Amino acid sequence: MTPKYTGIIPPMITPLMERDTLDCEGLERLIERMIDGGVAGIFALGTTGEAPSLSYRLRREVIEETCRIVDGRIPVLVGITDTSLVESAHLARHAADSGVEAVVTSAPFYFPAGQPELREYIEQLLPELPLPLMLYNMPPLIKTSFSGDLVTWAMEQDSIIGLKDSSGDLVYFRKMQRLAEERRPDWSLLVGPEELLAETVLLGGHGGVNGGANLHPRLYVDLYEAAAAGDIEKSRELSCQVLALSQSLYTVGQHGSAIIKGIKCALSILGLCDDFMAAPFHRFHESERRLIRDHLDTLKIPA
Amino acid sequence: MTPKYTGIIPPMITPLMERDTLDCEGLERLIERMIDGGVAGIFALGTTGEAPSLSYRLRREVIEETCRIVDGRIPVLVGITDTSLVESAHLARHAADSGVEAVVTSAPFYFPAGQPELREYIEQLLPELPLPLMLYNMPPLIKTSFSGDLVTWAMEQDSIIGLKDSSGDLVYFRKMQRLAEERRPDWSLLVGPEELLAETVLLGGHGGVNGGANLHPRLYVDLYEAAAAGDIEKSRELSCQVLALSQSLYTVGQHGSAIIKGIKCALSILGLCDDFMAAPFHRFHESERRLIRDHLDTLKIPA
Amino acid sequence: MTPKYTGIIPPMITPLMERDTLDCEGLERLIERMIDGGVAGIFALGTTGEAPSLSYRLRREVIEETCRIVDGRIPVLVGITDTSLVESAHLARHAADSGVEAVVTSAPFYFPAGQPELREYIEQLLPELPLPLMLYNMPPLIKTSFSGDLVTWAMEQDSIIGLKDSSGDLVYFRKMQRLAEERRPDWSLLVGPEELLAETVLLGGHGGVNGGANLHPRLYVDLYEAAAAGDIEKSRELSCQVLALSQSLYTVGQHGSAIIKGIKCALSILGLCDDFMAAPFHRFHESERRLIRDHLDTLKIPA
Amino acid sequence: MTPKYTGIIPPMITPLMERDTLDCEGLERLIERMIDGGVAGIFALGTTGEAPSLSYRLRREVIEETCRIVDGRIPVLVGITDTSLVESAHLARHAADSGVEAVVTSAPFYFPAGQPELREYIEQLLPELPLPLMLYNMPPLIKTSFSGDLVTWAMEQDSIIGLKDSSGDLVYFRKMQRLAEERRPDWSLLVGPEELLAETVLLGGHGGVNGGANLHPRLYVDLYEAAAAGDIEKSRELSCQVLALSQSLYTVGQHGSAIIKGIKCALSILGLCDDFMAAPFHRFHESERRLIRDHLDTLKIPA
C-alpha cells in the first residue's frame, strides 16, 4: 500500500501557435525533454496548462496529442476542473478513451460552493468518471477549498487516489498528510508551489506538480530525489536553485499571469516551443523577453 | 441619444428537469409571466441563470427556446461570460443566429486578469461578436472588476452599449454614471442588487437586472416606474417590499447559492417551473421548502 | 420618538503641528468654519481624525480643546474605538468630564472577534460608559462587522442610540434602517461614504458623517437638506458636486491614506490648518500638493 | 557573524486574574516552566500575549514582572506593536529601563500603510528606540506585510536584527532567508506557526516563536534541536506530536481566539495560571474546558 504517484509530475504548459491552434512540434520537444529529465508523469490541462482558457476542442486535442507522444512511457494525468459537471464528465470520457491514467479536479470555480455542496458535487461526479480521481486544492483561483472533513470523506472513496495541494499553506498540507498516513497510505500527496518541494518531501510528502519542471525537469527531479533520500544538504542547495529560478523568471510580469508567461517565454528562448498565450493573456513584450533571457543566462538552464 | 435599455430586465433563472434537460413548459410559463409583468427585456444565461454550470449544448438550447417563446415581443440579451474567448465567441454567434439582441460579458473568471490584460481581452473579443456588447461588473464572483479607466475606454467603442453593475458598491455605480453622462448618454447603466434599485433610479440609473423579477415582475416594474418618475414616497414603500422579499426568500439557504435556490423554490411552489438545480447545487430540502412557502404566504406574491 | 442626531456631523480631522502637538489655532478655525456651515455636530477622534495614530495624551487634549471651542453650540461626539476595553473606558470618562455628548465605538480591531464575542464585548463596555453610545460599522478597517442579529440586540439597549455605517454597502444600510424603523425609531442612522449621502437620505437615512464636510461643510449641509426635503433634482446636482470633490481630492494619493491626506492638504491650502500627519503617514509632497491646488481651483471651494 | 536568537522563544501568554490584574504567581510558574524546558528567550506582549487588549499600565507591569522573574537568565523580548508611534516609543523606553534585550514590532495595524509609508514609519521609529528591533510579519492580523524590498532595506539598518514571520507562507519565509544569507548572516529568522518549525529549521531557519511552547516547552525545544541537528526521523516524529497538539487544543474554540483560549485553558488545567482573558474574549465554558482536559489526557503533556 504505497502511493502510486511519487516524484515530479510537471503541470505541462500548452504550447500554442495561435488562438485555437496547438504547437504540436513544440509539444513533442517539451514532452521529450521532460521524459529525458526523469519526470514521473505529466499533468496536462491544469492551471499552468491554461486549461480554462482553451476551447473544448483544443483541450481534446491536447489530450490526444499528449497521449500519442508519451505513448505509455509515463502516466498522463488530465485536469477536468470545470464549472459544469456535464463538461467535466465529457472530458473525462475523452481522456479515458485516449489512454490517460487519472483525472484531476478541483471544485467548480464560478459559484462558491459550501462544503456540503462540494461533497455532493464530488459524489455526483464520481459515477461519471471512467478513471481514478485526484483532488486539486487551489484556493487562490478556486473559491472553495477542500476542508479536512471533506478530505476525510474522500479518503473513504476507493476511486479517489490523492491530493495535489497548491494552497501554499503547509499547515494544511501537513494536516492532510497526517490524515492520509492514518487512513489511506496509498494516497499521493503532491505539492504545487515548487519553493516548498524540499520541505514537504523531507517530511514525508510524495512529490511535486511544479511549473518550473517544464523548463528544467532534471533540477526538480534531483531535488525530489535528494529530499526523498533525506539528504538535507543537497536539498537545501537545490532548493535554493529552484528559488532563484522562481524569483527571477516568475517576477518579470506584473499580474497573476507572470508565472505562466515567464515559463512560456523561457521555453521559447530555449527553442522548445512558441510562447503564444491564450486570452486573456499575451506573450511578453520584447523588453520583458530580454529580462527573461538575462535571467536564463544567470541560471544556466541547459538548452 | 438616450439609453436603449431601461426598466427591468430580469436575469432569468434556467428551469431544469434534470441535469442536462431544460424544463421547456416551465420556461414558457416563466417568460409569459415576466412579459405580462411589464419587463423591458430578458437576460438569459447570467449568474442567476446558472450559466457557468450548464453544458454548452444546454446553453444553446436555452437561447433558442427563449427566442422562440419571446418571439420578438421584448429584447433578449444573453450572457457569454466564459473562461475561454473561443467559447464566448461561439456562443455569441449562436445567439445572433437565434435572434438575440445583445450579448453580455464580464471578465474571464479563472485567471485574475490585470486591467491591461482585461482591456486586451475585450479588444480581442469585440471583432468576434456579431452583436452589441454590454459589460457586466461582478466582483463577488469574477476576480477582476472593470476599472474606471477601462470603462472610459469601453465608452469609446461604439459596439459597447452599457454596463450592468452587480458589485453592490454604489460609489462605483455613481462614478460610472458620471462618466456615462459625460461621454455616452446612450449607455444603459443597470443595477444588479434589487435592494438598490430605488436608490440608483432616483439618482439617474436606468433600471435593474434583478433576480426577484423572475418571481414578482410587476413589483419591480412598479418600483422602477415610481423611481423613474421621482415619486419618493412610493419608491420607499415598494423598495421596502423588495427588501422584505430578499430578506426572507434569499436567506433560507446557508451558502452562496441561497438566492438562486430561494427563487427557484418559490417559482416551483407558485407552479411555474421545476426547482431542479445544476451541480454543484441541489434544490432545497423539504424543511427549507416549507420556510419558503411560509414566506411566500406573508409576502402575498400573486400566483 | 425621533432620531436625536440628524444632518451632517463631520468626522473632524485632527490638525497637528508635529508628531505629538495639536495645532490649536487651526482647530479653532476648522470648528468655526464647520459651525458656520451649518453642521449638526462634530465627531472627533474617528478614522478621519487619525485617532488610532495619536497618543492617548493627545487624544485627551483633542477632546478638551474641541469641547472648549465648541462651547455647547452643537453636540460633540467622540470616538473611543480601541483594542483595549480599559483604554476605551478611560477615554469615555474623560470625554464625559469634558462635556462630550455621546461616544462612538466600533469593534476592537486587532483580534477578529466572532459575533458572540463582539456582543459580550459591548455588554462589558456599556456599564463602563458614562455617555450614550453610537455604534460604528467600519468593515474596511475593522475586521468585524456588526451583524443584523447584533444590531437587533443593540436596539434593546437604551444607552445605544444609533449606528454610523461606513461599510459602503447600502444593502446593509437598508436592512439596518428597516430594523430601526420597526424597533427603535429614535435611533440615528448615519452614512459614512459621502458619495452615498443623497441615496440614503432620500430613502429615509438621517444624515452623514462625511469627511469632505471638514472642507466644504455648506455643500454637505445643503445636500442633506435637499435630500431630506425630497428635492431629487437638487440632490442629484449637489451629489454630483460631492462626487467631483471626492474623485479629485481623494485620488491624488496612492495608498489607503489618500482621503485623509487629500483633506488635510486642501485645508492647509485654504489656510485653515497645518497638514502634518501622524505616523505612519506623511503630508503630501509638493507635486501632489500642486494637484490638490489645481483641483481646489476647479471645485471652487470657498476659502 | 551568527544569529543572536536561535531556538525556541515562546510568545508568552499573559496570565490574568481579572480585567486589569496580572496573575503574578501564575506568571512566575509559567516562566520557570519555560526556563526549565530549555527555551532560548521569552517574547512578552505579542499576539499570544493579548498585548493589544491590555491597558498600557498593565503592559508596563508585564514587562517589569517578567524581567524581575527571569532575572537575566535568558533574554526577554517585548512586543511594541501599536497604532501610535508615540505609544510604541514609550513602551520601548520602559522596556529598556526594565532590562529587556530587544523589542519587536509589526506595522501599525489600523490604517493599511503602503510599503513606502511603512518604510518611513520604521525610519521614524528607529531613532526613538533604545533597543535593537526585530520585525514581526503578521499578515493575518496586521493589514500590511513587510515586502521583500522593505526587508532588504531593513537589512541595511544595524539596529534591526531579525524577522519573526507568522504569515504561514513558507515561500515568503524562504525568500527572506535567502536575502538574509546573502546580506545579514547575523539576522535571526524565526517562524511563528509551530506546525512549520520542523520544515523551516531543517532548511536553515533559526527557531520558532511558537505558542504551544507556553504549554510544553520541552517538546518544542527537542523538535528544534532535532531539526537543527538534521535528524529527519526525529523531526518528523516530534513534528507530528506538535501537530496533534495544535489540531486538538487549538480547535475547540470557534473563532479567531481559539488558539489563545486553548492554551490558557490548558495552562489552567495544568495548574499553572488562571485562564481569564482580556476583552473581547472570555475563557472557555465548562463544556469546552472538558474537551481541552480530554485532549490533554491524550497528549500526555507533563504537568
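Chains: A, B, C and D, in written order; residue numbering restarts at 1 for each.
Going forward, a contact is a pair of C-beta atoms (placed from the backbone, for glycine too) under 8 Å apart; a residue touches a chain by one contact, two chains touch by 3 or more.
All figures in this text were calculated on a predicted structure; none of them were measured in a lab.
Novice: Determine the centre-to-centre distance between chain C and chain D, using the mean Cα coordinates as centres, and give it in whole Å.
Specialist: Computed from C-alpha means, the inter-chain centre distance equals 35 Å.
Novice: I'd like to verify one number: the distance from the centre of chain B to the centre of chain D, where each centre is the average of its C-alpha atoms, in whole angstrom.
Specialist: Centres of chain B and chain D (C-alpha means) sit 50 Å apart.
Novice: Two or more other chains touching the same residue: where does that happen in chain C?
Specialist: Correct list: empty.
Novice: May I ask you to sort the chain touch graph into line, ring, star, complete or other?
Specialist: It is a ring, because the chains touch in a row that closes back on itself.
Novice: Spell out all pairs of chains that touch, sorted by label.
Specialist: Chain-chain contacts present: A-B, A-D, B-C, C-D.
Novice: Could you pull out which chain D residues touch chain A in their complex?
Specialist: The touching residues are 168-171, 174-175, 178, 193, 195-196, 198-200, 202-204, 230, 232, 235-236, 239-240, 243, 247.
Novice: Show which residues of chain A lie in contact with chain B when the two form their complex.
Specialist: That would be residues 19-20, 47, 50, 52-56, 58, 83-87, 90, 107-114, 116-118, 120-121, 124-125, 141, 143, 254-257, 278-282 of chain A.
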